[in-house]
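Single-structure report; data block below.
The first chain written gets the first letter, and so on, giving A, B, C, D and E; residue counts start at 1 in each chain.
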C-alpha cells in the first residue's frame, strides 16, 4: 500500500477513541456539552434531576406524613411548621407535593415505557415496508388521532374505572399515534438513504435493518418527542385528576390536589397554587430539556 | 469468460400511463478483471444500471448474468458475496450512528463470517486507514476517509465485482487522486472487476480499459479508452465530452442550443 | 394535552378522489366501531341515568328494552350504521332529542370559542415565532421560547380559574360564566348560532359588545396552547427557510431584511403554517372540554363529556363522528392547500 | 481582454473567523487581491475559504463571523464601514452574486418573472409592468427560448441550465459593476455547463464587468479566466495569470494540477498532494 | 346586577334530563315542575306535616281507610286556557302508572299498577277525584306522596294528547315541554345551558311577582360564587361547603338550609362473607368518625344523625350515640376472626361530600387494620353496582323521606321482603345490601296499616331498636341538608324539604 495517508479534515477534537465504549462515551460527552451550553436546557435538566432526587428521597425530604390527617389544623396558610400550608384535611401540602413527585414520575415513566416502543415499532414497520402494512397501520393511527384525545382518555377511564393505572393506560392509548407518525416519517426519509441501501445490498434481513439501522436513526427524534410529551402527560394526568378520573384519594397526585383544592381556592390560594406551580415547573422543565435535546440530537427540525 | 453480461436490459418506473422507461435495451459485457467505465449526462440511467446489477431493482426485463450465471430477481447471500457497490456520496453512505468497526462488522455478521476482528484490521490496512480509526464515527472522518471506509465495507465480503457509482465526484481533486490510486492498487492486487460510473472522462481514462457512453437510457457509444487519447471519437456526444474535459473555449458551446 | 402531527394524508401523491374517500370512510367506520365498543364495555348504564337509581326493576327492564339494549351488539351496531346511512344520528338516549339537533345547538358555541381562540393564537403566535427565528439564539429567542413553553406547561383549567378570579371577579373586565348576560339572552334570533355574528347581523351592537366581553377571556386562555404551538412551529419553519439558499439570493438582490423575511421566507412557510393552524383548530374544538367546564360554556366539549359520563352513547357517537369528520376534513383541506398554494405540488 | 488600471475592488489582509462552539475558527487568514474589469478566478480545495471570501464582499456572512481587513474598498466605498442600509444599495445594484445551485437558489413559490423583476424593482422606482418587460428582455439576452412562457414558470419547472441562466439574468438585470459567481456550473451537466459558461462569458465581456469566478475546476478556470488566485487553508498561496498556470511556482498549485487525471495522458498512478505545514505559515 | 323582576338561579343541570313529571329523576326537576304545575295538595314549608289545600279545596278519607275523595277548585285554567278538571287529575296519575317510569315506583309501592290504575283512580265529575287504595296502607302516606311527588301534578290531558306520538302518552313531547297550570309558563330549555320561564298571568292564586325565572347551568362552585358576589345571579344551588362558608360572611348574601328526608350512609353488602357477620358490621359501625365527619365534612351538607328514620319525625328515637371506638372495633374484629383486619373496597361518588366521607372512613378503617381502597365513580356507576349487589362498602345517600312519614324511610332503607337475587327489588336499598330481618319486615308491614297513631309510633320505634340491635347493613351518618345561597334582597324564597320550593311569592326588595 503506497498511497500516502493524509488527513484532510480537521483533526477530531478528542483524538482517536480506543474502543467502541470510549467512542460512545465521547459521542455522548460531546452531545452533553452542547446541551449544557444552553442555559435554559440546563435549568430544565436541573429541575428534572431535582425531581428525581426528591422522589428518591421523599421520606427524608418530606416534613410530614403526606396521608396523615390533622383535622385540627385544616387549611392553614404557609408557615414555618407547614411550608406550603395544609389542605382541607390538615395534611401538609409540601409533603404531599414531595410524595406526589413519585406519582408523577410513575405516570411519566410508565406511559413512556408503553408509548415509546409501541409508537416506534408501528411507525418504523409501516414506514419501512410501505404497501398494505403501511395502509393498515396508518388507518389505525388515523382513527386514534381523529379520536379526541382527552375524550378517549375519559372514555377509557370511564370504562376501566378511575384510578392511576387506568389513567396511565388511557394516556398511553392516546399518545402513541403521534410517535408512530413521527417514526414513520423519519423512516420514510431514511429508507432510500444510501447507508440503508448498502446494508440491503449486503443481504441483511429486514428485521436486522429495522433494528440496527433504521431504529437508531429514529430514536433521537422519538426520544426528543417523548421528552416533550412528558409535559403533556403530566398535564393530561392533571386534567383527568381535575375531572375526578385520575389518581384517587388519598394518593397525592398533583392534578388531583388541584382538583380537590379548587373548592377552597378563593380563600386558600396555596391549595391550588402550590401543586399548580409544581406541575408547571416540571412540565416546563421537560419542555425546555426536550427543546435543548432537539437542538443537539435533531438539528434538522430547527 | 465475461464477468458481467448485460443483454437487452429494459427498465421502467411508474405504472400505466405514467410509466417512463429509463433504460432501453442496454447491452454490454465486462471481462474478468476488467475495469469498465460508464459515462453520460445526468439522468441518462448510469446509476440505474448499477442498481439493477446490485439487486436493488428487480423489475427489469432482459438478461443479466455474472460469471455466466443468470441473475434472479431475488437478492441472495451468494450474490452479495460476489457483487458489492460503492456509492457516490461518502457523506450519505455511512450510517451516522455506527462506528467504523460496527459498519465493517455488520456484513460479517450477516454472512456469519469468522475472525471478524482480524478481517477488519486487514481490510483497514488495505484501504490505507490506520487501525485506530476503528472506533470513529463518520462525522470524525474526512470525505476521503469515509470513501475509504465505504470501499472497505464493500471489500470485506471479498466480492469479485465492485460497482462504483461516481466514487470520487464528491471529493476534492487531491483526495480523488488518492482514491483513484487506491482503486487501481486494489484491482491489481485482488483481481477485481470494476464497473465504474462517472461523468468525468478523465477519471475513466485513468482507471478504465473500456468505456460506454450513455444518453437517455441508451448506450450510444462503446470504445476503448486508449482510443480517446489524442483522437477524435466518432459520436458527437462523445466528442463533446472529450473536448470539454480537455479545455474550455467559447466556441464549444456552439451551436447555442437552449438547455 | 393534544399533540399534533402533520397529517398522514399529506403524502402528496394524488391517490385519486375515490381512493381518498374510501380511506376516509374506513377511518370513520373504525372510529365508530371503536366508540361503539368502548360505549358497550363502559360500566356506565344509560338506563340508570334515565330511570334514576331508585327505580324498580320493571321500570328498568322496560326502558332497557325500549333502548334496544337487549339486542346483540352487532345488531345494535348494524342498526346504527343503517340509520347513519340515512343521515340519522339517532336520538339522545337521555333527552330523546335527535342527536343532530343537540349537536347543532351546542356546536356553534364551541366553534365561536375555538375560532376566536385560534385567531388569538395565530395573531400572537406567528409574529412571536418569526421574531424568535430571526433572533435565533439571542435573548429574544429565549424569551419567546420560555413564553411559548409556558403556554404548553400551564394546566389550562388552572389558568381558566385564575383568569376568572382576576379578570372577572377583581377587575370586572371580562364577563363571567356563560356566553352573554342573561338579560340579553334570547334577544337576538339565532341564525347561525354564533352569537357574535347573529347579533351583528341583527344590528344589536349592545348584545355584540356584551358577548364579546364574555368570550374574550375563555378564548384567549384556550388559544394560549395553540399560540405556543404555532409560535414554536413558525419558528422552526422559519429557521428552515432562513437557511435556504434562496434567502441569500434575496439578500444579494439588495432587499431589506424585512422584505427578505416577509416576502420570501414567510411566503414559503405559509402553506405549512396554514396546515398547522388547521390542525391546531381541530384540536381546539376537542380541547375545549376543560375550559367549557370552568366557564360554564354551553358548548360541544361539555356536551360530549356529560353525555359520556351519563352513558348516552348515541350522543357520544354523534360527537365522535363529527370530530372525526372535522379532523379528516381538516386533513384534506391541508392537503388541498398544498395542492393549491404550493406550486411544487401542482 | 481589457484590464482597467483603477481596481474596482481592493481587498487587503482580509481575515474572517467564525465563533463556534469549539472556539474561534479562522476561515480566511489574510487574503489580499484587487479586481479590475477582468475575470478573476479563485480556486482551491474544499474548505479553503473561497466562498467565505466571496460572501464577505457582499457582507452576507452569518452573525457568528468576525471580519477584519486593513482595506476593503469597492470603488469609493469602504465595505467594512458601510451601514446595512448602504449595503442594501450596493447588493444587487452594483455588486451581485450568482449562486451554485439554481434548484435551491430560486424562491420556489414565486414565478420566475417576478423574481427577476423584483431584483430590478428593488433599485429602480418604476412600475411593475416596466420591470417585467425589463426581465423579459433580460431573459432574451441570456438566450432563453420562449421567454414569455418561462416568465410565468415556477423554479421547479425549469431545468438546471435554464435555472442558472435565470439566475444570471436576475443578477445582471441591474447592470452591476462586479459579479461574484460561486461555482456557478458545478451542478450542471457537461454540455449544459458549456452553454451557461458561454452566456456568462458573453455578458461579462459585453458589459465590461469585473467577475470573481469561484471554482475548484482548474481545467476550466485556466481557459475561462484571466487571473487565478489559488487558496489554501484560508490564504492565497499564489496569484497568477491564467495562461501561466502551467508555470505555477507554488507546490500546492503544482500538486493540484498534477493530481488531475487527464484524458490525454495516462499515468500509472496519480501523484498525491504532499501537504507541507510550511504552507500554512507562508 | 340582575334585573329586579327576574330571578336568576345558578345550578348544575347535569342531571336534568327530562321535564316529564312521570319520568323525572333528581331534585332539580322537582323544583322546576313544582312551579310549572300544580298539585292537589301541598305541604307547609315550615310545619312540614301539615297538608295544605292546593288544587283540591278539601279531601276526606273513608272510614275503612281504603279511599280518599278530593274536591277540586273551580275556575282553574291551564296555561293553554283549557279548564282544569278532575278528569285531568285522574288521567295524570293513571299516566304515571301506565308509563311505568321512574316515579311510578312509589305508587306501585302502594299497590297501584298499570292495570288497576283506571279502576282505582276515578273522576266521577269534573270537581271530584276518588282514589281507592288497592292495598291496605296508611292513607296519610298517600296524601303525603300526592303533596310531594312531582308525578302527582296535574297535566293538561288535552294538550298532552294532542302531542302524543305512537301511543307514548305525550312522553316525548313532555320531555322538553310543559302542560301545566302553575305560576310560571315554560319558555325554553337549552340543555346544559339555560332554562327560562315567564310568569303565568292567569294563575289562579294571582300572577306571581317575578316576570321571569332563569335557571343557568354552572357546574363549578367557584364560578357560582364569583357570580353571586358580583350580583350576576340571585340564587345558587349546590355550592361547595368552603364557598358557602365564605358566603356566610358576605353581608349581601344569605344562606338558607333546609333539611331533606335522605340520609348519608355507609352501606355494607351482607352478601360479602365478612359483613355477613354481625360483629364485623358492628366493628365498622364503631369505625366511623361520626363527629369528625359531621364537624369537618358535613356542614351545609348534613347534620348528625344515626337512625334510619329521618331526623325530627315524631317517631324518631334519640340518637343511639355510636362513635368512633377503635379498641372496641378491634375487639369485635378479633372475635369475628379478623384480628389483623382485612382488605376491602369503598365505592363512592366522586363528588363532595361523599368522597370526603369515604376518605375519612378509609383512614379510620385503617386504624383497625382494615385496608380499604376507594373506588370513586359517577352516581350511575356507584348505584349501578349497588343495584347489582356487587360491592363491599358504599358511601351513599338515600332513604326516601320525601313524605314526612317513617314508612317512607324504612321502606327505602330497611325493608326487604324477598332477599333472593332473582327478586330484583332494586329499588329497595335493604335488598341491595342483602340484609334481611324477618322481624323488622313484619313490624314495618304491621305499622303501615296500624290505624292507631300511638301504636303505630311505638312500632316504628321498635323497628329502630331492632335495627340497632341487629346492626343493619346501612349505617346513617348524617341527615341530608340542602343549602341555598341567595342575595339578601330576595324575599319569600323558602326552601322546601321535598324540594318543591315555590317561587310564586318570591320578589326582590330593592
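The rule is short, and it goes like this: a residue touches a chain if its C-beta (ideal position, glycine included) is under 8 Å from a C-beta of that chain, and two chains touch if they have at least 3 such contacts.
Being a predicted model, the structure only gives us computed values, none of them experimental.
J.: Treat each pair of touching chains as one step and give the shortest count from chain C to chain E.
T.: So the least number of steps between the two chains is 1.
J.: Expressed in steps between touching chains, what is the minimal separation of chain B and chain E?
T.: Minimum number of steps from chain B to chain E: 2.
J.: Would you kindly say which chain has the C-alpha centre located farthest from the C-alpha centre of chain B?
T.: E
J.: If you average the Cα atoms per chain, which one ends up farthest from chain D?
T.: Using the mean of the C-alpha atoms as each chain's centre, the farthest one from chain D is E.
J.: Measuring centre to centre with CA averages, how many angstrom lie between chain B and chain C?
T.: 54
J.: Could you state the distance in Å from the CA-based centre of chain A to that of chain D?
T.: Roughly 49 Å separates the two chain centres.
J.: Could you please state the distance in Å, as a whole number, between where the Cα atoms of chain C are centred and where those of chain D are centred?
T.: Averaging C-alpha atoms per chain gives centres 51 Å apart.
J.: In chain B, which residues are in touch with two or more of the other chains?
T.: Where chain B meets two or more other chains at a single residue, that happens at 143, 172, 174, 178, 181.
J.: Hey, what residues on chain D touch two or more of the other chains?
T.: 45, 269, 272-273
J.: Residues touching two or more other chains, restricted to chain E: which are they?
T.: Answer for chain E, listing residues that touch two or more other chains: 220, 222, 226, 381.
J.: Using the touch rule from the top, collect the residues of chain E that touch chain C in their complex.
T.: 2-3, 6, 8, 14, 17-18, 23, 25-26, 100-102, 104-105, 108, 171-172, 175-176, 188, 190-194, 196, 214, 216-220, 222-223, 226-227, 229-230, 232, 378-381, 383-387, 398, 400, 412, 424-427
J.: Mind pulling up the chain C residues that touch chain D in the complex?
T.: Touch list, chain C to chain D: 244-246, 248-257, 259, 263-264, 267-268, 270, 341-344.
J.: Name, in rising order, each residue of chain A that touches chain B in their complex.
T.: Those residues of chain A that touch chain B are 1-9, 12, 16-20, 22-23, 27, 193-195, 197-205, 208, 212-213, 216-217.
J.: For chain D, which residues count as touching chain C in their complex?
T.: 55, 58, 60, 84, 88-93, 96-97, 99-101, 104-110, 118-119, 122-123, 154, 156-157, 167, 170-171
J.: Report the residues of chain B in contact with chain A in the complex, numbered from low to high.
T.: The touching residues are 54-56, 75-77, 79-80, 84-85, 87-89, 92-97, 99, 101-102, 106-107, 110-111, 125-126, 128-130, 132-133, 135-137, 140-145, 150, 153, 157, 172, 174-175, 178, 181-182, 185.
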